[in-house]
Amino acid sequence: MAVVVKNTPRTDHDLVDLLGGFGVATIHEAQGRTGLMASRLRPIFRPVRVAGTALTCEVAPGDNWSIHVAVEQARPGDLLVVSPTSPCDDGYFGELLATSLVAHGVRGLVIDAGVRDIAELTTMGFPVWSKTVSAQGTVKETPANVQTPLVCAGVLVHPGDVVVADDDGVVVVPRMDAARVADACQKREDNEHEKRARLAAGELGLDIYTMRDKLEQRGLRYVESVE
Amino acid sequence: MAVVVKNTPRTDHDLVDLLGGFGVATIHEAQGRTGLMASRLRPIFRPVRVAGTALTCEVAPGDNWSIHVAVEQARPGDLLVVSPTSPCDDGYFGELLATSLVAHGVRGLVIDAGVRDIAELTTMGFPVWSKTVSAQGTVKETPANVQTPLVCAGVLVHPGDVVVADDDGVVVVPRMDAARVADACQKREDNEHEKRARLAAGELGLDIYTMRDKLEQRGLRYVESVE
Amino acid sequence: MAVVVKNTPRTDHDLVDLLGGFGVATIHEAQGRTGLMASRLRPIFRPVRVAGTALTCEVAPGDNWSIHVAVEQARPGDLLVVSPTSPCDDGYFGELLATSLVAHGVRGLVIDAGVRDIAELTTMGFPVWSKTVSAQGTVKETPANVQTPLVCAGVLVHPGDVVVADDDGVVVVPRMDAARVADACQKREDNEHEKRARLAAGELGLDIYTMRDKLEQRGLRYVESVE
Amino acid sequence: MAVVVKNTPRTDHDLVDLLGGFGVATIHEAQGRTGLMASRLRPIFRPVRVAGTALTCEVAPGDNWSIHVAVEQARPGDLLVVSPTSPCDDGYFGELLATSLVAHGVRGLVIDAGVRDIAELTTMGFPVWSKTVSAQGTVKETPANVQTPLVCAGVLVHPGDVVVADDDGVVVVPRMDAARVADACQKREDNEHEKRARLAAGELGLDIYTMRDKLEQRGLRYVESVE
Amino acid sequence: MAVVVKNTPRTDHDLVDLLGGFGVATIHEAQGRTGLMASRLRPIFRPVRVAGTALTCEVAPGDNWSIHVAVEQARPGDLLVVSPTSPCDDGYFGELLATSLVAHGVRGLVIDAGVRDIAELTTMGFPVWSKTVSAQGTVKETPANVQTPLVCAGVLVHPGDVVVADDDGVVVVPRMDAARVADACQKREDNEHEKRARLAAGELGLDIYTMRDKLEQRGLRYVESVE
Amino acid sequence: MAVVVKNTPRTDHDLVDLLGGFGVATIHEAQGRTGLMASRLRPIFRPVRVAGTALTCEVAPGDNWSIHVAVEQARPGDLLVVSPTSPCDDGYFGELLATSLVAHGVRGLVIDAGVRDIAELTTMGFPVWSKTVSAQGTVKETPANVQTPLVCAGVLVHPGDVVVADDDGVVVVPRMDAARVADACQKREDNEHEKRARLAAGELGLDIYTMRDKLEQRGLRYVESVE
């Protein structure tokens, strides 16, 4: 009953790369604090940042067959997003699959499960965000959906959405929102640039953001230490 | 109903730096195996060691407003200690707040919650021990206590206590105990120095610590393998 | 009631080193996906790989006394395997014990509990796989079994079994199976070598492994995107 | 930036009640093993089973304001589905909100966070599935979306979808699929009825499902015990 | 180095019982959302509610010796509060210790660790809140502090403080605050009584609490469904 | 490569029932604090106690095929012990399999994974200890070993060993040790009987077990409260 959807649309590459210029935290803020995957997904090496278009792939528990199916659907600039149909920590992915993905232009992997061969993946510079590291292998008995919408680490991902991942985690930007979010990121970064300089000079956030009145209204009181 | 206590006393800087010369494990042992924060707090980069006087700060769940309040209370040599009033893994702290803290002489952060911008914090060399890494931002709606005693990762911390943190974790030394503990640390280290040389030469701990009789009394038996 | 078994047999060193030339994932696959310890065991530094003969040691919760007992039973080429008799995250092991083990030729530590002094252990290059890092010290009141079979992180380990550990985790090869498994590893690696070249050239796993017919039989369907 | 969508369509009540006649496990199987929320959601009392139309409600961490907003959108037969915008275990919901929901015909609550007043909720017979129980209260400072699609415990839920929950967990049936899934459930239950009788009479599943040949093909071997 | 403090003061019994008339959630709110132990502490049977004066007791990991010491310090109306000096899930407490505590008038147990004999404790009606259930026994080798201040499940507890526990969890009221908090609880309950009636009659919280204007100011918008 | 071992020996039924007369905590103590499964295994209803001979069964992740195979090997008085070859929380077992097991005289289930249909299993009075409850179904593609030794929740189990489970957890008694352990349990229970009466009469454990001298030697000091 599994399905592979062919020729799904991708976000424009220029937009992907533009978003990739911003960090995950900035993008998450800029799109209204949505789209952030659960913090259990961590990179296998640091520092790292990558952006790509989602190549989505479900996997059965302990079964990585559909990842092989997904490789054929890959296009340069994709980033593979794998979610198990029930929670599983097995090592679904290793050096051979990474070699195959690289040959097809895939930029990295986000997986809500385990990976292995992380020494080799690190040497290759193939970026991976995973729930865990495990040498536990998988079987090839049950295919699952490829290039259909899925929920990965708590976030709905459609094929072709933008996925940006760095040391802080993984964020998804829906394809239709990419231009708007990139613009909001730029505004946010411009604003932070000026704030950073003032903070570095010792000015207080309390003053820069004029928080003192609001804090008083919310009941904050100052007292002297009696010690 | 939140309170900021101003001008709380700090432990003397010389004592802080003296304690900072010892590792967390040594200090923990030297003060009778107390004061160690839960091991869920991990550094964002390694190796690292820092010591400072506690600048304590509570935060509401998903709300980092009081960290901005805390910056104003900072003094050079402080180390910011942040504990949420209920468990929360959001990314309360990032590069801008670190920039501000550095400008006021704060040496690092210990937080029983999440942080973000860890690539930038690592580049800055700003040491952080946190429960997790998360790009999830926070709001500024609910102030909380600053420079009051709090429980962080299972340990009671008073403003001005000594906090030492390294690759192994975080330990708190009460202000009044700092001199005594520093002295006990030195004695422990002197003792270990001699033991290390004997162990490196192949002498057994069983003999150095004269454990054999006590082990026999506690029922330890030796048998030959029958394989 | 604790027992120390003396002079237990070890796997032949040449076999140990032969197995050590393969990674944990390869060995795990080659012996039929058995013997892999739970993925909660992680190395304190990376990259790392080591192989040794199991020197087994139980410990009481919060009590590392039997590790001192185990050192006396060590032989060059051993790898210490420590399992608590009930779950415990304390820091059972640090730099002094490592110094002692190195003096007796022990190659590393696998422990389903906590360790400390990880900065020093890293500097020494002493490899450790542990469940957690904790500065929490232990007492010496209750001896436990040394060189008896034990379950560590879900795997039965007999003294003298081969333990191989790397960035991916820890795997145990029973002494009697070592030669057969080493042989199976070599076959597997030879096979992967050829596959890797074909995958790197862009050939699909679907074709290399002739999966297409079987996938169709299992109900996989391909559809065109309608977007 | 939060939105409330008014007058969203609901699944027909007869279909909801028809689905409510089947258990969660049956529905999950009948719709192809999809739609099951993470098993961390557990009922506060047992046995229990309820079905309703999803009244969806996001909440900020530690902030239950939007639940008050959601009550106004409730219609008889709804089941409230609450998901925090970042993980939080606070007690968002208690007896007063339940009293209000009951007055508007809401049948129960599914929440990927904490609840409190569980003694009172149990006495009222108000069914709740939650991630945890916590007396920790929440604030009312940050509104969030009501009656928009959300991801709850790993499952995408649209307003008006069918939610069925029992001792085994929580499953979501998309509004458009409800009739088809109800039909598949009935077929599955009819089939199980006959199987149950044969199994109770001692017939083996190996024979009923004619598994023996396939098991042999997959390599299963039978050997006699040599003990 | 362990200490037993004798004849520590207790909160007045009438105040304890007055507080025991309120639930944990009410008390937690009434004292400004402080004093709540971590939600990992759960009762072994439900429904249950008890209030008592804290009889504090530290225990070494895997060692319940100091609980025996604590029994001698018990007075009628006490509630035993046990915290391990490092995290441990062993079963520190069972039927025999409960029998002993009952004989000395102790009303229940709060323990941030494991308990056993829960069938017998349930039959006895002896209330226990614990982190887990485990049959794993403990040794008696290392004494720890009794009737000193300790941190239990994240909350600082002084001997003689009021501890109230029910289905929702465990809350601590400092001895000096008991009268004030009891008064605040009564006010809160009176207020809720009136609100409950209005909510049960179908009035909306939005109106009762006059939230509509504030929600609009915070940006909440209402839109019609377009489906 | 999976194997079914036929006609493995069982522990004598009288011994099994004799051991079943003791609780898990007593047996665990009586055999020297060994054989206790991890406390994550919890019963689906309480109170409950059962004893049986282990019918061991491995399962692939997300695949319950071998449970069907195991049923054929069952004998009256067996208790099914299921362990996945890699960690998995799916619902491997439900009412139909229980119906089949009951027809063959199996007394219950211990599984280091998930179960479903717990309302029906509770109504049937079929005792189950599991890691979790999940409606997530499984496939039948990969057979695994039946009636071979396995590690379940950290304990090595041989077919035919005695498994006793109650509200406190699950303990395994090796077949060859059953008589000796039953005898030790009886002695322990006789001893506790007398102690219970003295404790109920208010006598202190400190005196019954003559602990005072030893506590003093270990450094316990008594001081008066200065409050």
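As written, the chains take the letters A, B, C, D, E and F, and residue 1 is the first residue of each chain.
Assume a residue touches a chain if its C-beta (ideal position, glycine included) is under 8 Å from a C-beta of that chain, and two chains touch if they have at least 3 such contacts.
Quick caveat, the model's predicted, so the values are computed rather than measured.
Undergrad: What is the set of chains touching both subunit C and subunit E?
TA: B, F
Undergrad: Using the contact definition given at the top, which chains are in touch with both subunit B and subunit F?
TA: Common contact partners of subunit B and subunit F, which must touch each of the two, are A, C, D, E.
Undergrad: Identify the chain pair with more contacting C-beta pairs: B-C or A-D.
TA: B-C
Undergrad: Interface overlap for subunit A and subunit F, more than half of numbers shared or less than half: same or different?
TA: same
Undergrad: In angstrom, rounded to a whole number, how far apart do the mean CA points of subunit B and subunit E lie?
TA: Roughly 28 Å, centre to centre.
Undergrad: What is the distance, in whole Å, between the centres of subunit E and subunit F, each centre taken as the mean of its C-alpha atoms?
TA: Centre separation, subunit E to subunit F: 31 Å.
Undergrad: Counting only residues that touch at least 2 other chains, which ones in subunit D make the list?
TA: Residues 1, 33, 36, 86-87, 89, 134, 136, 141-142 of subunit D touch two or more partner chains.
Undergrad: For each chain, which other chains does it touch, given as pairs?
TA: Contact pairs between chains: A-B, A-C, A-D, A-F, B-C, B-D, B-E, C-E, C-F, D-E, D-F, E-F.
Undergrad: Which of the residues in subunit E come into contact with subunit F in the complex?
TA: So the residues of subunit E in touch with subunit F come to 1-9, 65, 68-69, 71-72, 89, 91, 94-97, 99-100, 102-104, 114, 116-119, 122, 132-137, 140-143, 147, 159.
Undergrad: Along subunit F, where are the residues that touch subunit C in the complex?
TA: So the residues of subunit F in touch with subunit C come to 1, 32-34, 36, 38, 85-87, 149, 151, 154-156.
Undergrad: Contact residues on subunit F for subunit E in the complex?
TA: 23-25, 28-29, 33, 36, 39, 42, 46-47, 49, 166-169, 171, 192, 195-196, 199-202, 204-206, 209, 211, 215, 218-225, 227
Undergrad: Within the complex, which stretch of subunit A touches subunit F?
TA: 60-63, 86-90, 134, 136, 139, 141-142
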